[in-house]
Every structure is written in C-alpha cells, then in structure tokens.
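Listed below are the structures to be examined.
The two complexes that follow have subunit A in common; it is paired with subunit B in the first and with subunit C in the second.
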Partner chain A sequence: MQQEAMVRDDPPGKTTAQFRQGSALRQLWETNLEVFQRDKMALFGLCIFAVFALVALLAPILAPNDPLTPLKNANGDWIKDALPYWLAEPGEDEAEGYTNEFLLGTTNIGRDIFSQLIHGSRSALLVGFSAAAAVAVIGTVVGLLAGYYGGWVDTVLMRAADVAFGIPFIPFIIVIAAFFDPSIWNVVLAMAVLLWRDTGRVIRSQVLVIKEQAFVSAARVSGASNLRIIFVYIAPSILPLSFLYGSFAIAWAILTEASVSFLGFSDPNTISWGFMLQDAFLSLALTRGAFYWIIPPGLCIMLTVMAGFFIGRGYEEVLFPRLRRM
Partner chain B sequence: MSILSIRDLKVDYATQEGTVQAVDGVSLDVDEGQQLGLIGESGCGKTTLLKAIVQVLPRNGRITAGKIMFNGIDMLQLSKTEMRQLRWREIATIPQASMDSLNPVQRVGSQLMKLLRVRGGYDKRAARRRAADLFDLVGLDTERLMHYPHEFSGGMKQRAVIAMALALEPSLLIADEPVTALDVIVQHQILEVLRELEQELNLTVMLITHDISVVAQVCDSVAVMYAGRIVEQAAAEPFFHAPAHPYSLGLQQAFPNLARPRDELVSIEGYPPDLREPPSGCRFAERCPFVQDSCHDIDPRLELVGDNRLAACLRSGEMETLRSQAEDPALWQQVEVAQEPILPPPKSPSITTRGDLGAPPLATASVETPPSPSQWGGVDDDILLEMRDVSKRFKIGGGLAGLLRGDHEQTVYAVNNISFTLRRGESLGLAGESGCGKSTTGKLLVKLLDASDGEILFDGADLAHLEQDDLLNFRRRSQLMFQNPFEALNPRFTLYRSLTEPLIIHGWKDEQQRLGRVIETLDRVNLRPAEVFLDKYPHQLSGGQLQRVVLARALVLHPDFLVADEPVSMLDVSVRAGILNTTRRLARELGLATVYISHDLSLLQYTCDRIAIMYLGEIVEIGPSSGVINNPQHPYTQALIAAVPVPDPTIENPPLRIQEGIPRPTEQFIGCPFAQRCPDVMEACLDIRPPAITDEYSHMAQCHLYGDHRDSPKLKRGAEVTSGNTR
Partner chain C sequence: MNRGIAYYILGRFLQSVMVLWIIVTLLFLLFRLAPSNPLASYIDTTFTKEQEAALLARFGLDKPLGEQYIIYLFNLARFELGDTFSYSGKSVLDILSADLPNTIYLTLSSLLVAYAVGVLGGIAMAALRGSLFERVGTTFTLMTRAAPTFWVGMLLLSFFAFQWKLLPSAGIGPAVVRYRWETEWDKLMSPVFWRHMILPTFTLALYLHGLPLLLMRSNMLEVLDQDYVTMSRLAGYSEWRVMIHTAARNAMLPVLTALTLGIGYSIGGNVVIENVFSWPGLGRTLVRAVQQADYPLAQGAFFLIALIIVFMNFIADILYSLLDPRVGASAQAQVS
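And now, the complex of A and B:
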C-alpha cells in the first residue's frame, strides 16, 4: 500500500502517441530487448547464434570442398588422413601427390573436415530451431489451454504430459529411427512429441496464477470471450516464459542430435557435428591423436549449447529476478 | 516518570531516487502505565519510528540524529548484544501481521516455552507453568499449548502472539496494527484482551494503527503523525472531542461512525508530501482547508496549546471556530479544486440524463441498444434484480487425486437459499464475518459463478440461461469493482487500454468515440485532467487513484448495476472517504443499482439504503440501513454491531455475547445455523428452521425469538448446543 506522492513520470524518450498504441506485443518486444540489454552473457549467446546462422546460410560458399565427396590426389588416389597444413611436415604432402590446403585435414576416407564442420552448422541450427519452436509452441498452447479451462481439458492434457514424462527420451528416438528412415528430423519429431511436457507444465502453473487475478475477472465481467482473455490478457504475460523454454530447447535439441548421431542413428548422408564425432570415433581417430578431427565439432556443439543456455539465463534473470540473489 | 523518551529523532532511508526523511524530528514521551496510540496514514513514518526504537531498521535505514532514552539508558549507545538483551525482555514488539510468524511445524506451546527457557532463563517446569499462566491471561485454553498454529483461528493466533510478547514481563509493549485484517468480532475480543491486560498488569503500551476507533477503545493518549512528524499529541478524551490539528480533524471526520451517522464523509484530498524534498512550510498545508499564506513559509512547531496538549499548527489559537467549520465536507472538497489544474473543456457531454444512459454512438447502435424491459419480459419495472432461493455449493477434495489420498469429497455450502430483490438505483449492503458467503454472492450477481440452485433474475431474465447477445448485453449492464486495486488492472496495459477494452468488446469501433467516452469517465471519477492518466501504467498510480480507475472501468459502459466487493478495505483512511463519496455520488447520478460487500457495518450504513446480514451463506436479517443498525433483531446482527469499535473513548462497547469461530460451512443445519453461537439459543432453534419475520418496514429477521416458538425453553450454551443440530 505504498502511497506515491504523485504520478510518476514516463520513461524518457517515449512519447504519448507511442504509448497509446502500446500493445501487448510491443511490451513483449520490450521485454526481449531488456533481456539482451541487461545480460551481456545473453547478448554473447545471441552473437554466437548469429555467427553460426551466418555460417549455415553461407555454407556452400564458405566450404572449400563438398563435405561428403572423398577427395582424390593427382594420381586418382584418395587423400586419406591428411594432416592440417599447419601440422604437416614440409614436403610430405607433395610426396603424396597433392598440395595441402586442408585447414583441419581430411578423414580416413578423404573427406574435408573443415567443410564438414561448416556444413554441420546447418543441421545443428535446423534441428535446434525447429525443435525449439515445436517445443515452445506445443508447450505454450497446452499450458494455456490446460491452465485456463481446467476440468477435463486439464486432466486429459496433464495425464498426457505424465505419459510423456514416463517415456525415456533417447530410446524413444532410436525406436522412431527404426520406424522411419534415419534423418535429423527424427530428433525434431521426438522432441516435439515428448519435450513439450516441461514447458506445458510450467506455463500451466503460471496461467493458473494469472487467471485468478482480479484483472482477468474484470475482463470476464466486461464481457470478454475466453479466447480474448487467453490471448489478450494471459498469453502476453507468459510468452517470455515460452522464450525461456524455447532457448533451452535449442541447446537441448543440438545436444540430443549429437548424441543420437554419435550412437549411429543418424542419416549417413547428412553431415552433423555428432555424425563427425561418430565418424572420428569409429575410425579410431582418437588413438591416432587426430585431435583436429574431434575437437572442432565438439567445440561447436559446446558453443551453440552454451549460447542457448546463456540466452535462457538472461530470460530467467528478467523473469525471476529473485533467482539472482541465490 | 516516562519509560521511553524520544528526542528529535531523525531517520533516513537511502533509496535509488534519493534520501527519504521518513522520521523527521520526532519527540515523544511514554509514561509508565500510559497507553499511547500512534495514528496516521500509511507512509507517515509510524512503523519506521517503531523500528528505530527497537533498532531493527532495514539495511538502507539510518538514524541520523536524536536520542532514544529507555528507563534512563541511551539506547543508541548500546552494543548489539546489549540491545538484544533489551528487546523482548524490556521492550516487546508485536510486529505487523505477526500472527503469521508462528512456526507452523512447532506446537505453539513449545514455541512459547522455548522463548521462556532461552531468553527468560526458566527451567522446564517453570516454563510450562508460566506458559499455562500466559495462555490463561490472554484467554486461551491451556490445552491449546499442545496444538499447532494451523489448528488456531486468526484470533487465537493473535492471542498467542500477545502471550509471547508478554512472556518476559516487558515494561513496554509496542504493537503495530494488532487488529488489522481481523474480523470485527475477533477484533473486538483482541481489543478486550488488550484492555484487560492494561488494567491487570498496568502495562505500558504503544499502539500503532491507522484506525482511530481502535485507539479510542484501548488508549488513554494519542499522538498523530503526518509526513514524518508528530502534529498533535493529547490525552484521548480531549483529542476525540476536540482535535487541535486540521489533519486530526480530517481523520476524525473521514471515518464512518455507527453512533453518529453523517450525510457525507470528509475526504482529505491529495497525498502526503514527497519526503525526499519536504516542503519548507507546514507539511499539511497542501491538503489543509484552513491554509493561509504564512503556512507555506513558516514551519509550525509542536507547541503547548492547552492542558497537556501539543499541536503543530499556526492557527491553533482559532481551533474553536475551525472545528465547527470542519464538519462540512464541502470545505474539504474545495482544497481539491484549488489544488488541481484547471479543467479543459470536456470533449463529450459529461452530463447524461437518465434516458441517455447506455445510448450508444450511432455507429454501433444495433449492438448497444438495450432491449426495453418489456422485451426482456420484466415483471415489475421497478425491480432490476431478483434472487430467488439461490444456493451455491462447491465440491472440494474429490477427484482422482482425492481418491488416492483417501479424502472424502466434501461439499461447501457457500450460499444457502438466499432471496432478495434490488430496485433500480437502490444500494444494498452485504455484511458478515469472512466466510459467510458474501463475496460468493457478489460473484453470483455478476455471473462470475453460476448458481447451483435457484434463479437470479436480471430484468426478468434468468442469468443461468443467457446466451450470446443477451449475455453480452448483461455484461454491459452489470459490473464489478474489486477489493484490491493493485491487482484489478492488467499491469501490461496502459490505463487507456484498460478502459477502452470493455468498449472494444462491446463493439465500439471508432477510436475517437472510445477516447471521448474514456476521458468523460475518468473525469467523472475525479481523475483530472483525464488526459494525463491515459498513458500511465497501473504501477505509476497510488492505491486511491487506482481504485478510481477501477471504478471508471466499471462505469465506462454506463451499466445499470454495480457490485463493489470491499471497495476501500485495501486503501488508506484519508482516501477511503473520497472513493466512497465518488461511488455514492455517481451511483445516484447514474441511477445505478449497487451492491456493496463489506465487513464494515459503519461503511455500509454510510453508503447503503438497505443492509443484509449474512451468516453461513444465509441472509439472517435484511432491512433498511437505519433499521438494521439502530434496531437489530437477530442476535447475530446485534453482536456484529456491538463489536464495531466507536471512535469515541467515552462510549465503551458493550461486552460481546458471542464467541469467535464460524462453524465449517461443510455442514448443513436442520435448525438455525447460528444456534451454536447464539447467546439466546432455545430448544426450538436446534431442530426447527427459524421463520422469516418481517415487520411493516420490510425489515426481515430470520429468528425464532420473534416467531411461534418464542416461548420455547432457553438452553444454556454448551454441550447440548454444539452437538446435534447438524444434518
């Protein structure tokens, strides 16, 4: 019950006209902006994503070779296990019949590792963003419906969430991969089918809180329809939460894709970082000390996953400022 | 001799927006055996003063000057350890909302005994004996020592907290809002306990409250705080009969008083000054109706103005005359006019005649025109709303989870068979203890809930069967005003957005027309100039302003019917009257039928034509306000009225004849639901439903005392009453 002496002033730089148009969407935009203005880590995460997105977009231009085609030397032999040019002894490559231009060397069947790395960003981001979008959208809709309508809608959706919680994730993907052809989309499908459960639960609980607030009753009393209440009054308050879960899902999806590829259930014709790791593992790159084959994809996975978590943390700080003190 | 003596105390809070002088040069003496009431609106520094005395200021708070002497010891010179020794043993405090601070996983008795043993040096047996004595002292059954806090009612917890505060026989007890947020009956009993303790133990008490009637009941002297300073200090009787400071005058006139009903309450317009840069002259000058030029320049000192009376006012010499003028609420209204900038001409006609109400802008005529009563199939033109045998039941503890946990499904009978009618333009008050079903009734009236049984007829149409356009039309005509203005507005919407939403929903397509209506409505609720408020967000406004916005949103559609659920209980005293006056005036101007829901009977008497008293979901008495208040028939009503504290120390409340504790609403009664607590209970009450007896003024009471069974043998309260009359 703080008494304010007077009406507080507007934040500077915002004119009256802008505010009057100020819709919920605009506020949402401002929340997002706030996340990245306040939290430099989140901004860093965003930059990582931006760089990878650029790389993925320009992959055919950036990659010096086709990632899947084994390269041959002048004699028509495959250039197997070439060292990066910065590791190779002078003259060694010429003896093998090619000029070394491989930044990260080649694989045991003569594919260019650097090109693979660049093309790997495509599948990583594709899987990451589509899985995140699926998880966020499905989870948000489920949470909104279950929380707002309650009753049997809530019961059905939340029991479905319980079932989803009960299914082990990686084995589920393996089963899916057995049913369909191996593809990176299996991961997206599995995440969409299973991982909305966390987002849905959290958003439902938030909706339960918001819908009991007096301003929602007020909207109902003035005749607002259910859909209007859900989308105009409730959704804008929980959307930052969906973004939070979405950004975690990006990281999670990339990690999952890597694990699944590493286990050997990915499409051999799509290059991903996980696939590269598996390839390296199977061809005993580790024992040969080919760190240039293993570390770069590992580093890329780590960077993108970190970026997702940094952004997620940024949202958390803005959404739940109390966490900061702990 | 004075126990506590404060000299020129100054307390600062460092905030991001600058230094706030929360307490600015307070001098105060509390004598042994004195009961001092410290009053003032929120933010005036009362609680800060308390925290400074016991030195538990928040981290950003700092005592910058002054002295606090306790029994001759300079408290500000004490070390932390010495101070800790002093607290509780010498100075006991009951902080705000302390009844929620009992440890929920420990028996109340063990908490009390732990305190006695650790702080008081009692051994186990002595502690047990002392704990039992203390419970006895505050009127709690000693068996209760073995109970956990959740087994206590609110009043019992408050008693336990008082017992804990008194455990170590402190020489000074400081209580911060000890009865706020308690039901009237409980409040009355706690005040009684305090009064008894004062007499028995010759306690020295400092009581902090915003409610002057509480002070009138338990204190023998009063200090009034305003904007970090004491503006008046006096003995209780002269203070209540002749306040010597304009602010005290305003506070006194702002309270509805059952004993002396008024036509219009005084509302102290405006807000306390910004304590980051307090004004150089008198701090109350901005809001004072008696202000003269010198007030803005000269800072009045607290001076003797009579027998043992201190006041800080330049015009204290003329108080006699000012007091008689202060009775007139219009005088206090002038302040507002003088203070506020001149009004721009309203963009749309701000005065609407009765016939215009709800008349839509031309563009949306088809959507907005309400059907005439005959189209609605109305029976009586005059009656707007009728409740016919309405009940509402809730089921709890059922479902799959309940089944697994082994809970039985229980039915809560929130509202039982209530019937009443409401005429156009009439105002009805619903009163009762918390849990009596008054808020549920309010929600039923605006169709936030649907009735389980019975019919609610609005203009002759049953709310249960409204569909589509009829429902939308009903939504336009009936509105709700909420208790907590801080929650009632969407924090993400500007005020304009919040106010224009109902118009958008009801098909007002033209932005200019919407803007016109919004401005007109803001203007009506005295938020002027309206344009200033359009682009504000709720967090930028004070509670009083927000509640006006909530009222504006309710009125923006020009409804016929308004339910106000505890409209001012979250607000400060000085702004309460303003909200009530505005609501009442607009209801009259607009011909609005209003249902006020409140636990505060004096407020209802002030605002309502009729009052209904609810108990366990039933209306036990209903009638014209004056009848219900001055000539209550039902024993429950009599008890409720007796429990309301009167802001006059010479009027002592009669002892209450009933105890706290509403039975669980999961039981259905064969006889009278009130029988368990009724002081006049008779045999017939246990198994025969009391009849509704109505006199010639339509004053109805549902009680056997006035029916055919009036000669039924009386029962002693006790075992025979508490068992047996539930179904």
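And now, the complex of A and C:
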C-alpha cells in the first residue's frame, strides 16, 4: 500500500511541476478546473464521490431497515439468511413463513444487508476524507517548512519522515487498536501520524525550486515576513500537489479502513463495508457461496477507491505533463 | 568501489540504525505508557498482592521506567524478546522464528510472480501504447489496485476452494503432513505446501503486479524518447531488440529498487492476506497477539517487521546509488 506512494515521489522529483502565473487563488482555481475539464475520468471520480456522499447523507431515509437490528417476521421468528428476492425461487421463502422483501438478503443473524451497505458509505467517506485532509495538511506544512527554512528544521523533519517510512503501516494500526477503544478514528490517527511522509517529501522538493524564483525574492525585498512568504506566496503554487496526494490518500484511507475492520479492529456498533465482509467471512458465507453478501461491499470499496485514483491521476496529468498517457 | 560510496553506505547504515532506535523507543513508550497494565491479561483477579508483585518483578516491571528502557534496548540488541503470555511459556523468539519463514516464502513467491508479470506487461503496454490492449490492461491493473486484497482473496477462496474444491482453503498443510516436516527443507520439498501456497500467492500477486507494471510502462515511455533509443532504431536494429535490449534494460532500474522496497513493505502488508488464508506467518501472529493482549509477542512481531522494512529501505538506497551513478555522485558530494 505504501509502495505506490513511495515510488510515486520519484518521478515528480525528477520533473518539476508546471506552475501557473497570476494571482494565487485564481491559479489554484484554474488548475482545479483544468483537472476536471481535461480528464473525464477525474470528473467521473468526482461523480462517484458525489453519489456516495448523497447516499451517506440520506442513509437513514434510503435504508429500509436498521442495519444493526436483527429482523423478525410476523410470526416472531428471526429472518436469518434470507436470499435476495430476485434469487429466491418463487414461494421458497414464503414457505418458511415470511414474505421476502430484501434486495440483498439478510445476514446469518437476520440483519438487512442492503441497509448495511447504505450505512457503510458513511464510515468509508468519513474516514476517507478526514484521513486525507489530515495527511494533506500535515504533509503540506512539513514540506513547506522543511523546504523553506532548510538547515536544522529540514534535517529534523526529514529524519522524522525517515522514521515514518520505517514503521509498518497496517501493523502500526493494529498495535494502536490494542491500546485505544476500537473506533474508525484509529485509522485516521494512524494515517495522520505516518502517511504525511510522501506528501512532505515531494512538497519539500518543489518548495526548494519555487523559493529560488523571482517573485519570492521580490516579496522578501518588500519586507514580507517568512511565514507570509510561505503561506501567501509559496503555498498556493504547491496546493495542487497537496490535492494530488490528498486524492490518493482518500483511496488508501478507504482501503485501510476496510482492511482494519476486516481484521476485527473496528467498532462493532459502526457498520462499515470492511465490517460487513468480516461478518460474512466469520459466518462462513464463503462456504455457502453467499455472493449476494460478499460481492456488494467489495464493489463499493473498489468504486470509491477508484474514484480517489481517478482524481489523483487527473491532477498528476495536469501537474506533470511528461507523465501523461501518450 | 571508491571511498565516496563507502562513506555513503556507512552514513546510510548509521542513519538506519538511528531510525530503528527511534522506532524501538516509540514502541517502548507506546507499550509502557499505555493506560492498561501490560500484565492485565496475565494477572488473575484471584492473585494476592504478593503474587502480583512477584509477577511484576519477574517481568522487570517494578523497576523505574528509565532502567526498564535500558534493559529493553540491551535485550532487543541481543534479540532477547522475552516470553509469550498466551503460548504457555514459549519464548517470543520461538514463535516468531517459526512464523518468519512462512511469511518470507509467501512474500517472495508473490513478488516474483508479480514482478515477472509486471515487467513483461509494462514492456508490452509501452510497445502497444494507444491500443485497445493497453487501455483494457491499464484499467484491469487499476481495478486490481483498487480492490481490497482480502476481498479478492475471499472471492478466489469461494470459487477455487469451496465451489470447485480445487485448492485447499487455509493453512500450510494438514497436521498429518506437517508432522513429517522436520526441517524447512522438508516443507519446501512438499507438494502439499506448494498447493496451499497457490491461492494466497495469486491473490497477493494480483495486487502487487500493478506497481511494477505501471512503473515499467512509464519508464519505458520515458526511455523510448531518449536519443540513444532513436539512434539504435536508426542503426537498423529490429524493434524487438530496441525494446528489450536497449529500452527495457534501462527502464528496469527503478523497478528493481521498487522490488527491494516491496520486500519490506509486503512483509508488513501481508497481515491481511495471512489472516484470510490462515497462513501461519508474522502477520497472523501479530493480529492474534493483539487480540489476546499478548504484549511481548505483539511487540516482538512489530519489531521484527519494522527491522525488515528499515533494512530493506537501506538496501534499496544502496542499490539505487550503485546502479544510478547520478545518485552516487550527489551522495558523495553530500558526504564529503
């Protein structure tokens, strides 16, 4: 998981990103606009996020049942392992005493899978976006400070990045989970603590280039303070890079949250797609071939992760035209 | 090898030792300053105060924190990882040294498959750029990187192990067979072991092949733009020779570095797959240790994984500086 980002910081190191001229905010806006106008896949990614965000917001309305409550039929029996209505033979489920109205069936203890799927979008997006924001902000600030000040600030921050590169990511989250109560925020915390390393390194190397440019010296001569130069003059030019790494971080965060939930280190009272898959795995849905239970959560994870990839690649192609697909 | 490079290697080595020291210190703080007593799962409620104190003394937990830290560092340096809580008195080293080979076999075999497919696929995609094959291939690769590995593993399990019953579903072999493996060599010579390895290897390789493939493809495209490639085309070499002999050889370097890094990170990342396939490796032991609050074992497993990653990062650095003279030169400039 870390590898892609690790090696990814290589090409940007070699090729200098294409920066725009003009006022800071306008150039930022234009870059963002260009990404989504030029790259249809990036726009598609944005649409995927928009749809899932809508689903997450409206989850209580869209979900036909409570995702955690086992359901009973009219006779008061648990509706365990009900097949989706489109899979059940006519009359098969009715024979067992209930009418089947479940789009994706129920789990082995009678929870509605479709409702779980809808509610799962909440933790995925929550973790994805907050972890990505944390990674992008920390990485950007570290990169700006290390690149601009150089000297001991740079040394300390980059050695800290080396340490972060030496810590195994998933094992680290598992160890964190051992000491804190199970919660989706463990993943966000672990990502914030470790994954700023790639963003930080790349942004630092870009700042090294930018700070030699004329407009920075001009600002310095006109008496701007260091912090003002960093955050008003330099930061806007490298922000698209932060978005690039942020988009990939959304993808990693969703994947990581799923893995950690699958391993059983998530809060059992918060439904997530990884949790659903763990539930299916532990209740032997595999041996029964209950694909209506196994496939949907995985597809949702894959879609949201791909959305992050698409957007990240969109930024990459605008910022680093040399890497552009030919 | 000149002196500049020797100094560079020494510098990187010392830096790696420093990094490891900081990681180990963080690990110590995390485990010792945790709100729960590290012996909480070990101490029964029926224990008397004296028994509890004796137990604390046995694990050295009654000493001041600073002294504990020094002892901890010395113990780690001697690979003295203590005793487990949950495996009835077995030492952490016993458990981990049984797990490590399994993790390494799985990691290396999946990386081997992934990089062979990735490098060849990357060359093919660069050669056929713009074709339908390339578009389908890139999309497929992107999908394998977006799909959670444990989910892919679950799907493969349900088809190959449960629906079609072609391959075993878990572990490294039935107990009857494992009993006869006296050495690692016996295990490696056993077809049963390899049959058990097929599904987890394939699952991991499916995920891992994306990185070398995309890297190889973009390196190839970059190299193909270079003058010496144009020159060898003009010199009348066949397209095959230009691709493989001239371009691919040069595009390989970053892929090799990625492979070195990949070994370290895969060992950390195998955790999830080892749990899907009940593969008795470091990752499964780590998860179990944390679930059973077996702190010495969890700490030992984490330390071992971090050690491997830091070491492989070091090797990758050295390899890169030896293979790419530009890095060597700038590194030498930094050192002198």
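We take it that the second predicted complex is superposed on the first by the 301 of 326 C-alpha atoms of A that agree within 3 Å, B and C clash if a C-alpha of one lies under 4 Å from a C-alpha of the other, contacts with A are read in each partner's own complex, and residues count from 1 in each chain.
Here is the rule we use: a contact is a pair of C-beta atoms (placed from the backbone, for glycine too) under 8 Å apart; a residue touches a chain by one contact, two chains touch by 3 or more.
Just so it is clear, the structure is predicted and the values come from calculations on it, not from any experiment.
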Partner chain(s) touched by A:75 [first = subunit B, second = subunit C, both, neither]: neither
Touched partner set for A:217, first subunit B, second subunit C, both or neither: first
When both partners are placed on the shared chain, which of subunit B and subunit C touches more of subunit A: C
Partner chain in contact with A:269 - subunit B first, subunit C second, else both or neither: neither
Shared contact residues on subunit A - subunit B and subunit C: 1-4, 6-7, 10
Subunit A partner contacts - residues on subunit C that touch it in the complex: 15-16, 18-20, 22-23, 26, 30, 34-36, 129-130, 142-143, 145-152, 154-155, 157-158, 161-163, 210-211, 215, 218, 221-222, 254, 257-258, 261-262, 265, 267-269, 271-272, 275-276, 283, 286-287, 290-291, 293, 295, 298, 301-302, 305-306, 309-310, 313
Subunit A residues within the subunit B interface of the complex: 1-8, 10, 16, 19-20, 22, 24, 27, 155, 213-215, 217-225, 228, 232-233, 236-237
Residues of subunit B touching subunit A in the complex: 41-43, 271-274, 400, 446, 448, 471-472, 475-476, 478-480, 482-484, 487-494, 496-498, 501-502, 505-506, 532-536, 540-545, 550, 553, 557, 570-572
Of all residues in subunit A, those that touch subunit C in their complex: 1-4, 6-7, 10-11, 159, 162-163, 165-172, 174-175, 177-179, 251, 255, 258-259, 262-265, 274, 277, 280-281, 286-287, 289, 291, 294-295, 297-298, 301-303, 305-306, 309, 322-323, 325-326
